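Naming follows writing order (A, B, C and D), and every chain is counted from residue 1.
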Amino acid sequence: MMQEEAYIGENTTQESKIRKSTIQESIIQESTIQENTRQWNDFRSLNLDLDIRKYGKNLKRFNRGGLFLFTFFLILALIPALFAPYSPTERFIPYEAPSTAHLLGTNDIGNDILSELVYGARISMMVGFASACISTLIGLMIGLLSGYFRGTLDELLMGFTDVVLIIPKIPLIIILGAFLRPSIWILILVLGLLSWESIARIVRSKTLQIREAGYVKSARCMGFSPFHIMVSDIFPNLVHVLLPKFMLATASAMISEASLSFLGLGDISMKSWGIMLSFAFSRGGFIREMWWWYLPPGVCITLCVMSIALIGFGFEGREKEKRGVDAE
Amino acid sequence: MNTLLEVKDLNVSFQGNENENKTGNKSENKNETVTAVSCLSISIREKETLALVGETGCGKSVVAHAIMRLLPPESIVKGTIEFKGKNLLKLSEKEMAKLRGKEISIIFQNPSLALNPVYSIGHQLAEPLRIHTQKMRWKEKEGKKEKVKQKEKREKKKENSNLSKVSRALKRVGFSNPREYMGYYPSWCSGGMNQRFLIAASTMLDPVLLIADEPSKGLDRDRVSELENELKGLKEKSETSLLLISHDLGFVRRLADRVAVMYAGEIVEIADPSSLFESPLHPYTRGLLNSLPERGFVPIPGASPPLSNPPAGCRFHPRCPIKEKRCTQERPELKESNGRAVRCFLCP
Amino acid sequence: MHEAAKKTFRYVASFLLIVTLNFALPRLMPGDPVKNLIGEDVYVSEAVMEELRTEMGLNRPLYEQFTAYIGDLLRFDLGYSYHLHSPVAEILRERIVWTLLFVGVSVLLGAALGTLFGAYAGWKPETKANRLACCGFIALSCTPPYFLALLFLEIFAFKLGLFPFKGFYDVPTPGSIAHHMFLPVTVMALFSASRNFLIMRGSVIQEKGQLYALYARAKGLYDISILFRHVIKNASLPIITLLALDFGFLFSGALFTEIVFSLNGMGTLIYDAIIGKDYPVLQGSFLVVALAVLLANMLADLAYAIADPRVRRPA
Amino acid sequence: MSLKAENLSKTYGSGLLGKGKCIFRDVSFELEPGQTCGLMGPSGEGKSTLGRIIAGLESPTAGTIHFKDSPLSGMKKAEYATFRRRVQMMFQDPTDAFNPRKRIEHSISEVLKLLDTPGTERIRRTKEMLKTIGLPEEVLARYPAQLSGGQLQRLALGRILLLEPEYIVLDEPTSALDVSVQAQILHLLKKVQAEQGIGYLLISHDEAVVRFMSGKMGMLENGKLKVFE
């Protein structure tokens, strides 16, 4: 809910169009519509896609920057000991300004902020990826099943998805977080369990499309099992939608984590960037104008989320380009 | 009869994307230009119907879009397209916009996609009127300042006259109850109806040249004959010249005054329909006609060459039953004699 | 008709789910339900606890509790905050006005800004200015809203002293409201704009490749007038739906912004409730926010049905 | 030995709300091996739906399909598996007949794996199949997007032939192709039929195509089937 919708404008449009036409109608009209679009696409592939290709090129540049940043953060997260000058729990004199000994100074209890920052990368990114994994998996399953089998199962699953979509996530997480003791695992679980619906939708609409493609119809006709068709024919054609969605889900989960930590609902024993920022705000870093305390974690969150989002964008752009080439 | 449109040595090519081949298509080098149309020359006289026929991917639609200058900016267009003595390729975008819809109109092959789904039929039909009269109003405005009330009144009047013009146009394409259909949206109507709306919109300002880009593609047989009557009526009633682009030979035969056959980006034969269909000269035309149902589906062996890499010499030689040695090396020119033209060494 | 029935059913189901969640959470979560219902930091003796337990009917069977709860809801009784010593419904009524004003203004501003800029950026994605704008908006949308708020507060209120950095406690006049609201609204509007910008940009890029856009050119329109006369309406349709989803999202974002700017809205209320473990207020806030989002979604669905002729095709 | 359809009806969208739309009613006919039966009619009249029902991809609202004298609905698993192999369907659009993310080779060998063909046998059969449909072996290494519509339609037919079907439902097999390619495909279909004795149900809106291919012809109009000889 936080972010996913924002990035994939194209897919959302497409999806909402599909959503509006009922299945029965689409079956009756399908052949003619498909035929029309296909012919049009044939022509477009010859010349008009050039425009999109150019657009894709721009994104590729973004993508490279994103990839670079992301690798940097990933290395930080994987081997923090290499970069952090001290252990994040080691104590020095509190409230120290940046110096050669402490490049970013120390916080209220005397921890070295740079070390905290480096170690925080792992926690923030873990929350993001773990919850994105959960939500992508759930979304993929629900979307695939309801798109492939259609009928009653589809109605039920999509009804359920619609209901989940409407419940505002952040307030619910706040309530849950307030009742349950804050723990990073609960946070991951809750974020993962509550943000799959946009993935489910996009997977479903794409599956509905692919299901009607000749190769799936012939595979059904030749007697391949539904499981085989889903895994070997439909899934590979979904990857290009899923990957950006996965990246964006990660980005959004990281922002959610940071926001919740800010409210004091994070896991204090695992200091993520969000918690650092929250402490800087609540324990006087802000009032004392210690920019070296509150600025770095915030900038890190933004940059890291951005790198992940940019990679997501890059996937989309490249896919478009590839489709253009393919059609030739 | 005067020549209305004269296309000379038209070349249209598209740049293939240059870099990034690591992901897909490893086997092929995509660093290439696709020449969709090469050395194409045609002319259309006033009130004449010229048909451009050919198979998928031979570049016929590109010709239509090149004439309208609707190709994307990345495409490279060379040659001249003279319309009423003006070279269209030299006009500025603004001048071209004034011609489009007013002097030259186009009917696309997918009527349901060419109409904007969120505007009503009436609105879209009136659009050419609004576009091409508004420009004059701008000029007027520069001269004198009008009172707001007067302007409103005029606008209302204009709207009304637009409405009646639209309903007349709808009646012309066979809707007995135009007022009702004006409130409809494209998605509520069938493809055939949308096609008629599209024809009405494109002929709203009585263009001098109408380009019909594969109008019969994807239509039922009944609809095709409906469309045929539509276009025939249009030809009889107005002064419009028609450039008909199609792959449907039967359709073309019934409508066209002259037929140009395209193969792999070039014209191989131009003739009037009766002589073309009865005594085709070029081996490709012959093969094409033989693969028609009424001549027993005799296929041409092989497949069309890719436009990115056409064969040397005559482009048809790999599939030609009567080829000689020089066909594989030299490129034949379009030879003209008694009103027909053919691009083959071996034809008289 | 079928679609409409399905939609209605889904909304009713969501409504029930929200209400049920609100009912079930304090009773199912670990800990004493009485504590969960009155708030953790309220010190009461065992005897009073028992008294409250019977008063709230917590030892009766669940379904009786549920009917009683529904009855309370219908009377707008959301419980009593022992922290603030007043009924929750009253507190909420006081606070929500500010939040609604704040969110409403931000959503509208953000939608207008994002849609216009996004449409232009999508129309000419390759120009330098548009690429720069795109980068900027991506960065904005990747920043946690409260961090942005903090930065703004630091720069414009502390450093430059242009705006107050605390919410107002004097008598609100339109001038002072505008003065106090300017920064938070700017932050939220920028944030909402960044989302709309990206959607609109993608949407326009997709729609301008459609055949009707080409046909508009063939009719004699050129350049930007194709965007305004044809593309923009198609491209902005998904924005309607997203505006509703955005509303829920912005509601959450607004909470954080309010906390940073100490505005007297729902956000600070929730923040204080979390710190003070004032569960009745938390629950009541959740219910209100959820219902507001539900309502926004319903409105969006209606608006979509009116705006898109493809949906309201006659039988 | 025949494929028989008895009193098939299909209605879409019947549910709690709304009565649904009847596509066709009481359609019966019989397919013989080695014969072609043409099915014509205006678009939107459910020709393709009828084809899909006969190929077992959709179930009819009422009526039964008999394959070798046993009804489809009452078939045991093994019987159904043979039906699934013996009755195949070929679709209109060749461009999406193959998974765009797999090489042709992969798509073909998948089918042979389904039939439990051993490795060496697979190569032999693939080669044999390519010879039948008249394509060079290079196509195997290509992706579908790199082949033309005609080539893909040939390959689609070839892939079906690997299963040794007795009946093929041809759903507008040539209407997405150019006339010269259409002629090629039609001749190929005829050749295959003569060699392997397959029964075709040819669905097309083009009367000339149906006349060229078949002896028996049916017209689906207003939900009814009229049969001519």
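One rule holds in what follows: a residue touches a chain if its C-beta (ideal position, glycine included) is under 8 Å from a C-beta of that chain, and two chains touch if they have at least 3 such contacts.
Fair warning: this is a prediction, and the values are worked out from it, not measured in the lab.
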{"item": "Label of the chain whose CA centroid is most distant from the centroid of chain D", "value": "C"}
{"item": "Which of A-D and B-D has more C-beta contact pairs", "value": "A-D"}
{"item": "Geometric centre distance via CA averages, chain D-chain B, whole Å", "value": "35"}
{"item": "Between chain A and chain D, centroid-to-centroid distance (C-alpha), Å", "value": "42"}
{"item": "Distance between the centres, which are taken as Cα means, of chain C and chain A, whole angstrom", "value": "20"}
{"item": "Junction residues of chain B - those touching two or more other chains", "value": "24-25, 56, 110, 113"}
{"item": "Where chain C touches two or more other chains at once, by residue number", "value": "2, 211, 214, 237, 308, 310"}
{"item": "Residue numbers of chain D (touch at least two other chains)", "value": "43, 143"}
{"item": "Of all residues in chain A, those that touch chain D in their complex", "value": "22, 24, 27-29, 31-32, 34-35, 38, 213-215, 217-218, 220-224, 232-233, 236-237, 325-328"}
{"item": "Touch list for chain B against partner chain D, complex", "value": "24-25, 27-28, 55-56, 220-222, 247, 249, 287-288, 290-294, 296-301, 303-304"}
{"item": "Chain B residues within the chain C interface of the complex", "value": "68, 70, 93-94, 96-102, 105-106, 108, 110, 113-120, 127-128, 131-132, 185, 187-188, 201"}
{"item": "Partner chain A, residues of chain C touching it in the complex", "value": "2-3, 6, 9-11, 13-14, 17-18, 21, 25-26, 29-31, 36, 125-126, 131, 135, 138-139, 141-147, 150-151, 154, 158, 194-195, 198-203, 205-207, 209, 211, 214, 235, 237-238, 241-242, 245-246, 248-249, 251-252, 255-256, 259-260, 270-271, 273-275, 277, 279, 282-283, 285-286, 289-290, 293-294, 297, 308, 310-311"}
{"item": "Chain D to chain B touching residues, read off their complex", "value": "42-43, 141-143, 146, 148-151, 178-184, 186-187, 205-209, 211-212"}
